[in-house]
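The chains carry the letters A, B, C, D, E and F, assigned in the order they are written, with residues numbered from 1 in each.
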């Protein structure tokens, strides 16, 4: 199976002032980490992908089931929902399993709701019929950007699952109305940076997650000022960076979806 | 006790194209609902406010306690955290209490994290010393915009609590570094509207919550495309609307904080 | 909306020995605190009332739903159940939310069972048909006597809800077979006192809650010796005090139920 | 080990009108069921008793531990707390274990709070020192009156535990300030009856539980009108019946405490 | 009711080398503790037995219910499941109730799964029809070997319940296909011992539980090296000891099942 | 990184009668599935391995932390504990996350206790000092034998973690006293088979898990008759098969531990 690999954007796309900056890992401000997407990583799922962004790695699976939640029964429409987890050893300091405390923590809840909303933005529930697709995103290694990697990888898993359901005759037409990907960005030391790793994220003044569709529409913008309130000018700069990053992620997704 | 009341913005601030639109309740697109803030609504709290936005009503309280969570002990810094709840009868259809299911639902978790982050953006934890302030936002009546009303009202409760702690000599100087307020906005039928009520929110294509400080910095932007992806132009329009609404909310907050 | 206000009982009803006593807040032993009942406090409920007894304040709502619990289905009979909660800031020291521990505490369970039993004593379930009415009592400010205030206020909420259901044609006849109210009393420093506030309750030797119907029947008597066992003579004295207090509460309820 | 057995009260104590009544099991209205108390039933406890009232059977144990709950540490005072459970097969229809639902049900909570309060009424916490005594009451067979049997049996377990702790030199003097026992009574078909069994309890108009000390003081009175409100005259009748029954239970307790 | 009592095996069955050893309680290595089985201990169950092995005592009940778990409905087959609990005072140091932590601990889960599997090995689910039998094993006193005593006692409860269901015409033929019993054994100080008590179990190098049917088949073998890995020779020795012990337990079961 | 690959055992080790049998996947009765062990699969753990047995795949990690559980503090000894989980998509039919139900299911509890006991059998807690090592085994793909694969893989993760802690000077000497591996076996259609896959396991009459140390000692034997009780002869046959399989697993472990 071929791994899809990102390439640095061509030099001429980078404005001079930004190109002058160098990040702790040698990246330019508008440069993604090395992105890899390995489709069909988990053969037991309807569709799956292992996505890597630098040392961040997330297993994304799509599992199709007949039927929908009780409150949707009988309308002939489907449902897509997401769950997110971290393997205990995925962070440097071992993270207690959610089940040990008996409930997912607040961050987990927030992330899985974001993933679900983002993916539902490109699904036609009428075309899906009364099926539920569970998107499970489990973090193998966490080095920043896991929620965005989850969205980007989950779309690949979902697209492969839909293709398989069509091949098997379980779906008449594709329920996908487009594609979707996500990337983080932020202001670190006053500079707008794309695709923060953990060390950058920890010292960011502002942290943003942007989800976009393949035709450039915004699905979700979440910008949070961790230390200093954000100006409109900075927000615009972040949205521009994100838009560039997502464009490249969308290409890598298409390659992974098409891979045999 | 005096109730602070919002007034419609003067007509000359409204661009002609927008002024032509009328909403189901007679408001212009850039008009807030009637806002009331009643300080000291709950005498048992260190500080409190009952905020109303149209028929949405939220009780906001600030309770100060000595000490901080375990992971912060010994650094001489304080902490501010928020919890959010809805009285069972606050929605038309009775909502089951969170405790009945044994855990807060995902929406509650997401909202209380947002309130906490927003208020922490204007607190100097060094000045607060090793105290914890709990901000509790309990919805009496829900008609859209409860999370934004919670943030706006919680700031009044917090400011009054801080003033009282200073009066009582428990704090040497105010831990507040500014003020903060929030408002929702969205795209409904292709038109950008400020301060959606429940019926508008239910049919919105895009739904956004914006949190800003008193000096115009963005603390949090959350825009979610419920039906149709959002263009950059529409996002800019929403941010402009929100900025105008928050300016008026900040004035009402100051009056409520100063009220005897 | 008119607030119903209690008046001190006429002096001739007070026996001389008792009248000589004065309580820390100036009340006579057989005197209720100032009672206020504000009906329709929460417009989103089928019926509601905000009841105040001195600085104790409880929001009582009645929410009607179609259908009954599983074990009652198909008998053509309705059900009435109660839940009780305290806003975290309702007590001087902030009280942790029940949901944080994942379950209601023992006191909450005991109180909500008492409220439910008391109100069910005046309901004809046949006349209610297969509907469930939830009575939610949420304490805004706690200064003693919250469970009794809850019962007294819940009856007003229930009566207004039933009237509304009849008006809307959802009920053919009233399911109410009478009225019900409750008051606390106790022995403090050897003297029997009516309607204890928190400071009296904290130093009481005996603490009792009495629930009575409009025609003077006892629905529930709960007397607990906190420090010294109770003599039969003292119990009789408490029941007499309670009976007088409840008579006055029943009048205030009727005014609040009739208020436009 | 000798089992303590109750005897019918002498005929002359029974008023003529009551003696004419006969109950479904042949008892007179003021007659207890056959009561047995077997001390030291569970050798692994500090003190224990198996109490039977007709076919109702409850295992009561007292377990002493060093230390007290966190909120009491350092005051040199002890604590007594109670827990109540039912073996799944104790009722005709198997009852699900509390742990299966993850929390004790409302009735269990109410009962264990009552047992704890009742026993604490006869304990001098200063004399107990910083020890905690757990009273566990587990129902083997349930045929009505389990909460009262639990209180009566728990006192025997507690008294034997205290005696043993004194013998072992762990307590200098007895922390018991008296004795305590409980009995149920009720109005069935308009007649006041003592010590209801399950079938009587199921058809009772009024159900009461009375807890008294050895010197005749009331510790707790809980009277609940299940079907018809209760008159003062009936309440007085119930208290008289209970007082007679408890007198006999106190004698049986003393015999069981003294048994070798 | 007659209590079934074990007798020491005749001396000629004991090999010389083993007979020379004496255990702390005077038993030979291949000797069971005194075994008592009291059938119908809990009259409210369909079938029951109180089993004692030395000072270990377990109440075993079988409760029959109509219907089966959801995943089995409609196949005409029954189900047998087991639950295990310990009364808080059953161990020297009081054990917290499982419900207090909200879930059974790991040991409890492991044991109740073992009991269920063991008993299901001798049940014909077709003959049981769509009924569920719950086997509840509640430990009164714990001195080692409670899981094996539970299995042995649960079989008596089950057999008596089946006989009663046949008598009452609720079962056409017995669903039992044989009998089953269990015993523990272990290596202590290098010597293989049968039926360990708590003090032996605490110092055992190897601890094993063996479940066998009446015709000598192994249902479950669980051998765990607590300190030193186990050799094949030692395992063989343990299986031989267990086989001898179970033979005697099966005889005692038959007597208890037949007892009037 | 080199993947360690198992090779079929040489033909002369296979007894003629067994060699004649062929399994559904072409294996001989005494043949393991293809085994792969990829060390350092998760770079964020102290030590890790991805183990595969046919299509079964388990991620095993060892995470070292300073300190020990409360009940062990101050003895200068360490602790090793295990947790087990399944990714939701690891089985054909999606498996609900444990956290969704709020507690691990019975099978999970049983398995993680087995893994913990097995690994503790080869650890010298004195040499480990007051450190805790968490072994997390998370199943990527489940096709039978996941608990045995977990034990075998966890030993590699543990050995690599210990080596790393020694290299970093955090441990003076290795706490490992030997090695440990596990394999399943069972009776299918009357024939003893090694290393069952899911389809074999589903139709097995008897199912056994055997854990052995590198010097041939038995750490745990768990044999369960699912359909037919097991004879001693069959048990002996299973132990022989397991012993051969574990010998080969121990070799593969050593290669993976040594791999750079």
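Criterion: a contact is a pair of C-beta atoms (placed from the backbone, for glycine too) under 8 Å apart; a residue touches a chain by one contact, two chains touch by 3 or more.
Computed from a predicted structure; not experimentally measured.
Looking at chain A and chain C, the chains that touch each of them are B. Chain centre most remote from that of chain B: E (centre = mean of CA atoms). Comparing the centres of all chains, each the average of its CA atoms, the largest separation from chain D belongs to A.
Chain B and chain F, compared by their mean Cα positions, are separated by 53 Å.
Residues of chain C in contact with two or more other chains: 102-103. Chain contact topology: the protein chains form a single closed ring, every chain touching exactly two others. Looking at the complex, you find that chain D touches chain E at residues 42-45, 48, 55, 59, 61, 63, 65, 83, 85, 87-94, 97-99, 102-104, 134, 136, 138, 140-142. Those residues of chain B that touch chain A in the shared complex are 102-103, 106-107, 109-110, 112-113, 117, 121, 212-213, 215-225, 228-232, 235, 239.
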